[in-house]
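First the structure, in the form of structure tokens, and then the observations on it.
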Amino acid sequence: MTALFYIAAAVAVLATVLVITRSNLVHALLYLVVSLFAVAVVFFTLGAPFVAALEVIVYAGAIMMLFVFAVMLLNVSADSPLRVPTSAWIGPLVLVAVLLAELIYGIGLSDHALRAVEVGPQQVGDALFGPYVLGVELASMLLLAALIGARHIASQPESPAIEDPRLSGEEPDAPADAEGAT
Amino acid sequence: MILLWYILIPAVAAPLAWLLSLSRPQAARWVAVAGTSLPLALVTWQWVAQAGALRAAFAAHGPGVAGLVQGTWLADIHAAWISPLGISFFLAEDGLTLIMLVLTFAMGLLAVLASWRGIQERVGFFHFMILWTTAALAGVFLSLDLFLFYFFFEMMLIPMYFVIALWGHEKRVYAAIKFFIFTQASGLLMLIAILALYFIHGRATGTYTFDFTQLLGTQMPSATAFLLMLGFFAAFAVKLPAFPLHTWLPDAHTEAPTAGSVILAGVLIKIGAYGMIRFMVPLFPQAVYDFRTVGMVLAVIGIIYGAVMAYAQRDLKRLVAYTSVSHMGFVLLGIFAWNTLALQGVVLQIVCHALSTGALFILVGTLQDRVHTRDMTKMGGLWAVAPRMGGTAMFFALASLGLPGLGNFVAEFLILVGTWQVSKWAAVLGAVGLVFATVYALWMMQRAFQGEETHALRFNDLVPRETGMYAALIAALVVLGFYPQPLIATVRQTVTSVQQITAGSPLSPKPTSAVQVGIPADRAPAAAAVADGTTTDGGR
Amino acid sequence: MAAVSLDHGLILAAILFVIGFVGLLTRRNLIVVLACIEIMLNAAGLAFVVAGARWGRADGQVMFLFVLAMAAAEVAVGLALAIRFRQSLGRLDVDDADEMKG
Amino acid sequence: MLQLLWIIPALPAAGFVVLALLNRHLGRRAAAVIGAGSVGLSAVVALLVAVSFIASPPPGDVYRQVLWTWFDTGGLAPQIAFYLDAMSVIFVVVITFVGFLIHLYSTEFMERDEGYTRFFMYMNLFVASMLVLVLADNLLLLYLGWEGVGLCSYLLISFWQRDLQNVYAGRKAFIVTRIGDTALIIGLFLLFTQLHTLAIQPLMAGAAKEWPVGSGFAVAAAALLLGGAVGKSAQLPLQTWLPDAMAGPTPVSALIHAATMVTAGVYLIARTNVLFTLAPDVRLAVAIVGTVTLLYACFCALAQHDIKRVLAYSTMSQIGYMFLALGVAGWSAAIFHFMTHAFFKALLFLAAGAVIESLGGEHDIFKMGGLRRKLPTAFWAFIVGAASLAAMPLVTSGFYSKDLIIETSLGSVDGNAWLWLGALVGSLLTSIYAFRLVFVVFFGDQQTPVTRRPRWRMLLPLWVLSALSLIGGFVWLPEWMGSFHPLENFLGEALPPLKTVASSFAYTGVSALLTSLVAVVGVALATVWLVESRAALGDFAARPTPHALQEFWLNGWGFDWLYEHVFVIPVKWFARVARNDLVEPAFSGLAWLNVQAWRALSASQNGVLRVYIAVAGVGLVVILAFVVLR
């Protein structure tokens, strides 16, 4: 079981690294999905099967689908890859390395408990509708607000910029770039 | 109950003046006159009626702290306001407050009369501001609850800002903002000091209160006491323009309209002196003693620097403003000398300075209305054009240089004698300041009124209204010059009781020599006993 | 089942968070930025779950649920904004949105 | 009759108030009547009081009248009270009598001047202040009179205020005397703090009781009082204002800068003589100041062109004599010289005024000349005045008072030969410049025509003062002329008697002969130089060194230049430099800093989202570091 945890952890880390390094957007998203599945497995190994399932269904299933739809809708792949010169990576990497070191040092201070206790969906259900019932209501309101908000923002009248060049019959590459460049 | 009227009458008159002016603009002036002269009459009546009580209070109780603490006030109101925080609506009046109230309402009335022709646009709103300032000033002088004091201290700032910003002269907005920031910033320092005092006292004695009489003598380490004293000193030193913090005064006075300058010079800058005498020194006697040398240095610099700067100015109103810096230098000197002579001199100087500088500002203001300039280089030889105005200007210039026979001289003499007993060099430099005072006063007369008529200015001489005002001020100054005893008797009780409070600290040496504190010899020992018994020394 | 040391779980969460943060700092494409935010949120959720597992209580997982809900709402609005972004600015480059400077 | 004492100062004060209030509505005649009348009445009352004081002296030869308590606080309780003793009787009578004569004179002298009422208003205020000064029972009230006369001297010097030169002269006079007054007021602080009172008599008693001779406090107090006296009486080093004070109308110069105000310093020292006896070296300083000033003034007087400036320097030197007398403890001698000096110096000034008026305002003596026959009264008045000034033996009052001082300067216990010699040389030079003035103005050929002839109101005072200048001295005859000296006995009631060294050379016949001879020699020299061989004198003066010397003496030995550069220019420079407030940059600098900070911070908002997130990251790192590593 611990071996499974480490494998899944490695996969998750690798996948996440690939997400942020791929220039092709769709590949990045798909690597993200892989990473989410790996995390789901980690949840499982940590004795939280309900959450693992949720991770797969909601996170990988729903949210990633949103991303993919957005990608398709926005016709993003045609854009010129927005590369950042490698020199720009050094600053953030240093910052992040320091941050990671601090986190790990912080974690090192904790009491190193060994046993992970299995927490099944039964307990989670009791907790959800026990003390946290208010939280659930709030979450639902949040989702509703997001739903209406997203629908309202996204449904603004068509503006010419989004016209798909290919439909208007011109040469696909030239205008996109020209368009992209403005 | 009468104390409430002092604040309410101008406060009520203010909106009334504004409303009435919507229909008939000139009505606002009469409401303003009523709003200031009514309380003036009230306080004068109280002064006359209570004069006996004042003498009795002094004779019977002696100047013991009891005088201040146990309410042998002339009148006082003690009502709960925000009791959970220990804030009470505590107004009280003794000799010093009475004089300040008379001054406030007199100057208010003078300001309204002086701007009879001067202010033409938005008359109602203007008088609303003037009356609001008067009400706030009355509040400041009456309140003995530190929170209430701070409340009125800030409340008086806003109308003054508008008076300067809306009806001022060329650089009025700059001057108004500068005045506001200076006073507000230093006021906040005082607020911090008040709150710190409030908590220290609360933690020490368990009762959290802003009541000044209870905050008196709170024990605290001397370093903290020094800091708190500095907080208070900052606010009052800006208000009373002490040397380094005075730069707002010339701008504010020059750009303010005549009425604004009169109230500013007449009463607003006196809050600094009043605050020091009433709150700062009694609360932190030991800290003030440590700070005394620095304070006196600032005062002396203020005197001489103010005088030389006055001499350097080309703008007539700015010259008069700098004279205020010089005169207030004397006041600061007297406060730090902290003995009976000096304090009596300070109170007398406050009154006489208000009268003489108020008159000078009215004169300069009305001259500007006639000649449309304040620049002395464009004046010259105006005596020939307006001899009566020249004569009046000469009189008040002589008053401001401390000519004996007028109130200012008696005040400055008392201050310098009092200071001499504390530090000789300060008194000597103060006396030298008198020479510089002569320089700027005569310089002003020469540049503006004497000499050849270079600019062929034609304007009418004083109108009866103005002559009446000046005559009243001249009479007051001459009476104060030859017989200031009524004023001295009124304030004697406060001066001695305030010194009683600080009797413990080295600031005012033990009243062994009755002469020192002015108590008749026979009661000196009793007073000393009172001093030892009740007052715990603040911040030894 | 429970031999996994929880510290490692937390370390994993930290690593994922950090990677997400790097992505946020370096990528200029809005979609990738949103994705990186998702990664960081997921890492935070992981930490919650690990904590829940440590004490054997469900609170961890409940918190994860809330994180999830919040993430979903955030993505929905984020992507809607992305669409508007694309419409008004033509490109999905984050650096274009700098009218609020100065 | 003594109860009328307070009326003496009250009358001129009332005159001032009436003239001030009714300024616009009074005609010339009414103003003259009120102005001169009030002083005249005051003179009459003064005479009555004096007669009653002499005839039936009050107990202890002192009469004290308290009007009211000025104020009472902290142990200081000065009273508005008048103190009349022998000395103040003399002063009051002289001031009011000479004052009245000068007021009468100025009713005609100022006739064509448009500020007529204003002139008499200031003159009345002056007489009132001077009377308060000499009658004050309390040093603070004395200071009130002291500053009052200083003020009136300023107002009257700059009376013709259209001409800025006069206004400048007035300002200079007031400021220089004010410097002296500062020393005086510091003296008051010291005296009150040490002796807890300012009333003069208790103060003197207290000082005598508590301070041993030569004690630090006595020396300091005496020195400060001397500072005040030097300022007001235009002695070195505060003498520069007197010559410029001649810018005022001539009656003003006669009253203020000859007869009364400049002798205020003498009165102060005489009144507080106890302090000076307690501080012998300060008294010696008084003598030295007196002697040096009298010599300085004599030399300056020799070189002046303006008729009034000659008389101004002459006044300065005569007051030097009075200071010399005070310095050698000859208190009564100084008062005697004050009296005679008041008569003949007022006479000289009024005569000069008549000359100037009749020549249409001409001041330069070298443009006058040959007025002997044209202005006989003025001529004879001048002769009497000059003779009295030069102390012509036996005939003039100046002889009796000045020679008494010369004699005392050697004969007194505290006198010394140097002082005596200085006084003698001074006497010689005095007679030279006195008669130089007479010969230049009245002899030789006439250059400016006489346009106006003085009428009776100007001539009467000249006659009266001439008479007084001649007979005024007979109240105190020297020893060798018989022992008739009622004035000395009268003054003896108020002032300590003079202690003399019987065997001193001063009291031998030879020295008396010498002093009177010196005066005559002076006149002879003057006649030789200025009448016979005037041309020879002219070319002698043209040679470089004497010309330079004359120039040097003309502008008062360069004191004006010195004070200008040491005091006036630095203050003016500082005023120009600090015109808009040295402290201002501190606060406007604060505002500037504020603006720079704003500019820097706004630059950090560069619009790049990733920068903002990076900054947030750095913040996170810092906080974590703080939390984790603590």
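Miscellaneous remarks
Letters A, B, C and D mark the chains as written, and numbering starts fresh at 1 in each.
Just so we're on the same page, a contact is a pair of C-beta atoms (placed from the backbone, for glycine too) under 8 Å apart; a residue touches a chain by one contact, two chains touch by 3 or more.
Just so it is clear, the structure is predicted and the values come from calculations on it, not from any experiment.
Setting chain D aside while the other chains stay in place, the touching chains form these groups: A, C | B.
Located most centrally within the structure is B, per distance between chain CA means and the overall CA mean.
In this assembly, the C-alpha centroid of chain A lies 102 Å from the C-alpha centroid of chain D. One finds 70 Å separating the Cα centroids of chain A and chain B.
For the pair chain B and chain D, the distance between C-alpha centroids works out to 38 Å.
Inter-chain spacing, taken between the CA centroids of chain B and chain C, is 65 Å. Of all residues in chain A, those touching 2 or more other chains are 91-92, 95-96, 99, 103, listed in ascending order.
Residues of chain C found to touch two or more other chains are 21, 25-26, 28. Across the assembly, chain B contributes no residue in contact with two or more other chains.
Across the assembly, chains come into contact as A-C, A-D, B-D, C-D. On chain D, the positions that touch chain A within their shared complex are 614, 617-618, 620-621, 624-625, 627-629. If you check the complex, the residues on chain C that touch chain D are 21, 24-26, 28, 94-95, 97-102. Taken in their complex, chain A has these residues touching chain D: 91-92, 95-96, 98-99, 102-103, 105-106, 109. For chain D in complex with chain B, the residues that touch the partner chain are 20, 23-24, 68-76, 80, 140, 143-144, 146-148, 151, 154, 158, 161-164, 167-168, 170-171, 174-175, 178-179, 181-182, 185-186, 188-190, 192-193, 196, 571, 574-576, 578-579, 581-584, 586-587.
The residues of chain C lying in touch with chain A in their complex are 1-12, 14-23, 25-29, 31-32, 34-36, 38-39, 42, 45-46, 49-50, 52-62, 64-66, 68-77, 79-84, 86-88, 90-93.
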